[in-house]
Every structure is written in structure tokens, then in C-alpha cells.
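Listed next: structures, encoded as C-alpha cells.
What follows is subunit A paired twice: with subunit B in the first complex and subunit C in the second.
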Partner chain A sequence: MLGGLNTRVMMEYLPEIWQGFLATLFLSAASFAGAMVLGVIACALTIQPLRWLRAPAVVYVDAIRATPLLAQLYFLYFGLPRLGVVLPEMMIGIIALSLNSGAYMAEIIRSGILSIPRGQVEAGMSTGLSYLQRMRLIVLPQALRTTVSPVIGQTIVLVKDSSLLSLISVVELTRAGQRIAIDRFMPVEGLVATALGYLVLYYALKSAAGAWQVRNSIPGRG
Partner chain B sequence: MIDFSGVNKWFGPLHVLQDISLTVAKGEVVVVCGPSGSGKSTLIRCINGLEPFQSGRLIVDGADLANRKALRALRMEVGFVFQSFNLYPHKTALENVTLAPIHVRRLGRAQAEERGRALLEKVGLGDKMGSYPHQLSGGQQQRVAIARSLCMQPKIMLFDEPTSALDPEMINEVLDVMVSLAREGMTMMVVTHEMGFARKVADRVIFMDRGAIVETAPPEMFFTAPAHARTRDFLGKILQH
Partner chain C sequence: MFWFYLERVLGYWPVLLKGLGMTIGLSLLSLVIGVAIGFAFGIIRAGRNRWLSRALGLYIDLFRATPFLVQVFIVFFILPVIGIELSAFAAGVVALSNMAACFIGEIVAAGLKAVPAGQREAALASGMTRAQQMRLVVMPQAVRIITPSLVGQFVLLIKDSSVVSAIGLLDLTRAGWLIVQSVPNGLLVFGIIGIGYFIICYPLIWLSRRLERRSQAAFL
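And then the complex of A and B:
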């Protein structure tokens, strides 16, 4: 199937693929930043005790996790203009991806925080550390360590999910690959070019996670 | 220094502390024993506010425990040592010890480290300053935990079954530290079944059962002539070997 791959056509479309790659990189990075901000806020709201602050965060996380990303994307794409909010497709895509990944990030961060034994928090209390000091000095540095792997995992999902933005006519990697399919009737060449782009992003994220883990491990323990 | 009067606590329907009245004077060493579930851990966890209670009054170092706002200031003066050590695994022994002095007492790092080093030396861990908790044995971890509490220079030290999670050969290295602390005049309340420790340094031994203080006596009287049948029964169970 790949034997007769027309690499000449692929090279011809390299500028488009490169543009698409950069677009995917940009909107993934922007969505990742948005997702982390939303995730940290939603997580902070779900673990604090005030019910009226907790409820909206819980509803947000549940609503996102219960519905498909594609539905969320179309909901924003068709829904926002009805509210009189007209944004470029790229912007709508970044908002949708941020909202979507943010809910998963919130759950990942929450489980990281809950994994810290209660006894350590009590030890902190017993020496007079305030709530914020306990969070900053004891809980978060450890929660972050256990959280990096699943956060990178979710980011890899985010990068791949960004291909859905091609459906609201954002020109990114998948859309760029489709150009080869549509212009030259060569879908396999288009898909291979697209896949290679995602593969590069995947390995970049994976090695970043690995390097971080090595640098921040507790000596003598993984 | 510690003054309970008529303290009651319930966990749901369970009456875990029943009308506790008890006074511990400065420099006194009080050992609390009793069967599991008798409320002895809950009792000492009330003293630094780790457990709230529903009725009665508890004054520690002049502060009323009902005032939750004053809790932080109080906790700076009351050290607490846990059964499960609860060291911070991402910090070295020295960092564990100096964390609170630096961030709570606002001590300079150099000064905190000097104090921390001296305390780790004192508990026999001069060569383990840079070790992480998981690189230490249980007995060593518990000694770091004691040093961590002492580094805040507390007026009172509370111990919640400090040797119960240790292998037998490590119990004495922890008890030795506690004995020397008691002899230096620290006010201490210790939940333990180490009756040798009680005999050696306790001023009073308290026996608790089902949430109530059943008996309070100086150690020689407590061990040789306990007044209550339940105390005799309990001592019979733990001292027969």
C-alpha cells in the first residue's frame, strides 16, 4: 500500500504541510495553556469546601466529560454567533479545545493532589504551616511529579483532537493533508504526510516528559 | 499547660471522648495507654486542634482551643509526632527539619540549618542530613520526625504511638531520644504501650477505655496496685510476656 507512495507530490505540498504543522503546533500550544489555566481553576474550586463555588466547577467537568468533543466544537461554532459573538474559526477551535482538555486536566490535577497522604498535611498543620504553605511546600511539588505523565498524555490527546478543527475549516495539519487528497486524488499521500507531522509532535512531547522526569525525580527513587 | 475540662466528642453516634477532665503541668510527662479504640489518639489530637470536639473546654498554653483563629499560633508551640512518621518524601532529612522554622518562624536559612543540624546530631542522625526519608529506616525516620517537631522549639511535645509502626529492634533508638527529652524537662504527653518508658520517665500514667479516663496514677502505683478491674485486666494482657 505504501510501496508506490508518490513522494514527489508530497514534497510538492511540503509548504502547505509545513504551514499546517505550524498551525497545529500553535493551536495545540494555545489550547494547552488555556486547558492548564482552566484545569487549575476548576480543580481548585472542586477541592475547596464552599458548595456554591464547587457546584459550577463540578457541572463544567461533568458536562465536558459526558459529551463528545465534536459536539462541543459544533455547539460553539454554531452557538456563539447566535449570541452575537463572532470569532475567527481558529479562535473558536482554541476555546473548544481549551474547555475540553481543561476538564480532563482538572481531574488529573485533582487526583494528583488527593494522592498525597493526609498525614503529611497534618504534619504540616502541626508545625504551624498555613493552608497555602502546605499546598505550596508539601502537596503541590509532589502532586506535580505524579501529574506530569498524565498531563503529557492528555496533551498528546489534545494535539490529535485538534484535527477535528479541520471540520470547522481551520487550516491545520489534517486539513493540509486533505489538500493533497482533494487536489491530486492521493488520499494516502495526504494521510501519510499528516501522520508524520503528528508523529513528530508526539515524540517531542514524549521526550520532554522523559527529560522532565529525569531532572525532577527524588534521588534514589523513580 | 494543658487543661481539659468536661470535653466531649462524638464521631456520629459514637461517643469517643466522654467528659474528659485532665490537667498537665509544665514539665510533666504523662503516658496515656488503653485498648485500641479507647480514644487515646483522639485525646491528644485534640490538644493541637487536629480533632475538633463538641463540648467542654480545652486550654493549651493559655490558648482556648475553641478559638480556631489562634490555632496556628498554638501549633507553633506544640510539637506532634505521628505513628506513621509523616515525613515529606520529596525533602531531605535536613529540609524536613528546617521547613517550618524557615516558613513559619521566619528564621534565616543559615540559622535554621544550624539549629536543624544540631538537632539531627542530637537524635543520632548527624550522618543522614542529606538523606531522603525512603533511604532511612523506620527508626531513623521517626527520629527525623522528632527533630522536625523540636526544631520549632515547642513548649509541649505530643507523641501518638511513636513506636507502634517500628520493627522491635528500632524501638529503643526512638525511646532513648524521648527519654532524654523528658529528662531535659519537656512537657510531654505520650500515647504508648511501652511500659518500660512509662516506668522510667512518666510522672503519671493514664488508662483510657471506651472514651473515658478510667484511672490516673504515678507509674509505680499504676503498675503494682491499679485501682480498677479494667486497668488490671488491660495490664494483664500487655505485661504477661
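And then the complex of A and C:
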């Protein structure tokens, strides 16, 4: 089957695929930044004691986790103009992806912080460290080590999810591949080129996670 | 104004209901197939045949690396090229259960590896065959370990089923997309669609968290 692949057409569309690849990279990077900001805020709100501040964060995380990204994307795409907010599709896509991934990041960061054994904090207290010193010197360094791998895992999900933006006509990797399908009636070539682009991103992120894991794993705690 | 739109959206209840039925049916069918194949994948991945395990690992990685939307297009547009013509529903089930099998396979393999080697050796020492070791000793313990992640995976499966609306299958998301064409209030329409998904998914998320807490307690 792959023997019949028309590589000449694939080469011809290489500039467009490359543009799509860069667009996917940009969308993912921008959404990653947004997701981290939202994730840290939502996490901070869920672990602090004030109930009325905690409630909105919990509702946000649960509402996002229980609904599909595509429905969230359409919610914003068809809903924002209703509120008089007219944004380019790419902007809507970045907002939707950030909101979506932010909820998962919040959960990841939270479980990272909660995984620090209570004794560590108590040991810090008994040596006379203040709350901020305990956070900075004991909790966060350890939490960071266990959090980075799942954060990269979620970033892989984010990169793949960005393909859904093609459905609201944002031109990225998936959409660029569809150009070959539509212009030349060659869906196979288009999809193979698209899949290769995502494979590159996947293996880059996966090996980054692996390298981090090797260098920073805490002995005895995986 | 709000009530006017709400009435119009709810006037489309047959479409909404049909979409809901499709989402549930598609997810359940893919879940059953995906779990069956996924466990087989997991056993091979954790098994002793290194080359078979590596080949399968490569296959699984391919589907873990690419977006589900691309996989749906591959099943829907590439399989016909090699002579397999599928309806949109069949293509949805194939794509969804294949992806579920890949993710579940890795979960099952991790679960099998997490069972201490002494358990298998003890089973071997008491004269069990390899099939008996797996069925009676290793798998029951692995299932206990992986149940929370499996339930989490079911939630992902239900949510990913929304993507098959891209090939025209009338699921819950597609129903919303159709309704929003004639009722121009995206917030309301997709708010209702979101509530539909929430009702299906949230109990599972809750169950997954509960199971996780219980299994952590069991290992302390």
C-alpha cells in the first residue's frame, strides 16, 4: 500500500505541510503557556481553605474534565459572537485549548504537591522554617520533580488535541494535510504527511519526558 | 429571549435524544471491543516474546502519537483505498476501539509488570501452567491495580467519541452542531450538549477518584 505513495506530490506540498507544522507548534506553545497559568491558579485555589474561592475552581476543573474538547470548542466558536466578542478562529482555538488543558494541569500540579509526605513539611516546621521557606525549599522542589513528566504527558495530549482546531477552519498540520486530499484527491498522501508531523512532535516530547525522568527521579519514590 | 431560544432548542429533542443514544451506543460498543483487544495487547506487551512485544509497541506508539481526528480520517479515507469500505458508524467503531485498545494495552501491561515476580514464582512452584498463572494469580491482582486508570480511560473514550462527528456521524456533538445552524445561540446549545456529556462522564470521574483513593489505602 505504501508502495503506491505519491512522494512527488508530498514534496510539492512540503512548504504547506511545513507551515502547518509550524502553526501546530505555535498553537501548542501558546496554549501550553495559557494552560500552565490557568493550571497554577486553579490549583492554588483548590488547595487553599476558603470555600467560596475553592468552589469556582472545582467547578471549572470538573466541567472541563467531564465534557469533550470539541464541544467546548464549538461552545466558544458559536457562543462568543453571541456575546458580541468576535475573535479570529485561531484565537478562539488557543483559548479553548488553554481552558481545556488548564484543568488537567491543575489536577497534575495538585497531585504533585499532595504527594509530598506530611513528615517533610513537619520536619521543615520543626527546624523553624516559615511557610514560604517550606514551600520554596522543601515542597516545591520535590513536587516539581514528580510533576514534570505528567505535565509533558499532558502537553502531548495538547499537541494532538490542537488537530481539532482544523474543524473550525484554523490552518494547522491536519488542515494542511487535508489540502492535498482536497486539491489532488490524495487522502493517503495528505494523512501520511500529517501523521509524520505529529510523530516527530510526539517522539520529541516523549524523549524529553524520559530524559527528565532519568535525571530527576527521587530514589525510592519512582 | 432566553426562554424563547430554550424552547426552540428543546423543540429539537428528537435530534438531541438520537445524538445522545449514538454517543452512548458508540462508546459502549467501542469500549467492549477496546477492552477485549486491549487486554490481549497488554498480555503480549508484558509477555516474554521480546520481538512480538516490540512490534506491538511500535504499533501502539503510532496510535498514541497521532491525533484521534487523523486516525478517524485514516480509517474513513484510507481503508477504502485498500478495498475496505466502511459506513461512518463502522469507521467510528473501528477507530475508537482501536485507539482504546492501544491505550488500554499499555495500562494493562503496566499493571501486569507491577505485580511482584514472587507471585508468579509461587504459582509456578505450586504447579500451575502459564495460562493458570495468568488467569488465577497475576491478572486478578493486575486488574485491581489498573481499575482506576481503566475507568479514567472510559471517560476519555466517551469524550473522544465526539470527534467522529467530523465524518458526519450524528452523535451528541453533531446534534449540537446541527441545531446551532438554525438556533443561533451557541452558548445555550452547547451548554445543553455539555450538560449531556457531564451527566454521562461525571459519575465515571467520581468513581475513578474513589477507586484511586481506595486502592491507595489498600497498599499503605
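General remarks:
Rule of thumb we're sticking to: the second predicted complex is superposed on the first by the 211 of 222 C-alpha atoms of A that agree within 3 Å, B and C clash if a C-alpha of one lies under 4 Å from a C-alpha of the other, contacts with A are read in each partner's own complex, and residues count from 1 in each chain.
Methods note: contacts are C-beta pairs under 8 Å (C-beta built on N, C-alpha and C of every residue); 3 or more make two chains touch, one makes a residue touch a chain.
Quick caveat, the model's predicted, so the values are computed rather than measured.
If you put the two complexes together on subunit A, you find that subunit B and subunit C both fit without a clash. By the touch criterion defined above, A:Arg65 lies against subunit C but remains apart from subunit B after alignment on the C-alpha atoms of chain A. The partner that reaches more residues of subunit A, of the two candidates subunit B and subunit C, is C. Touch criterion not met for A:Trp18: it reaches neither subunit B nor subunit C. Once the two complexes are overlaid on the shared chain, A:Asp161 sits against subunit C while remaining clear of subunit B.
Shared-chain residue A:Glu122: touches subunit B; no touch with subunit C. Between subunit B and subunit C, the smallest C-alpha to C-alpha distance in the superposed model amounts to 15 Å.
Comparing which residues of subunit A touch subunit B with which touch subunit C, the overlap is empty. For subunit A in complex with subunit B, the touching residues are 117, 119-120, 122-130, 133, 137-138, 141-142, 145, 218-221. The touching residues of subunit A, when paired with subunit C in their complex, are 1, 62-63, 65-72, 74-83, 160-164, 166-167, 174, 177-178, 181, 187-188, 191, 194-195, 198-199, 202-203.
By the touch criterion stated above, subunit C contacts subunit A in their complex at residues 61-62, 64-70, 73-74, 77-78, 81-82, 155, 158-163, 165-166, 172-173, 176-177, 180, 184-187, 189-191, 193-194, 197-198, 201-202, 205. In the complex of the two chains, the subunit B residues touching subunit A come out as 48-50, 72-73, 75-76, 78-80, 82, 84, 86-90, 99-100, 103-104, 132, 134-135, 145, 148-149, 152.
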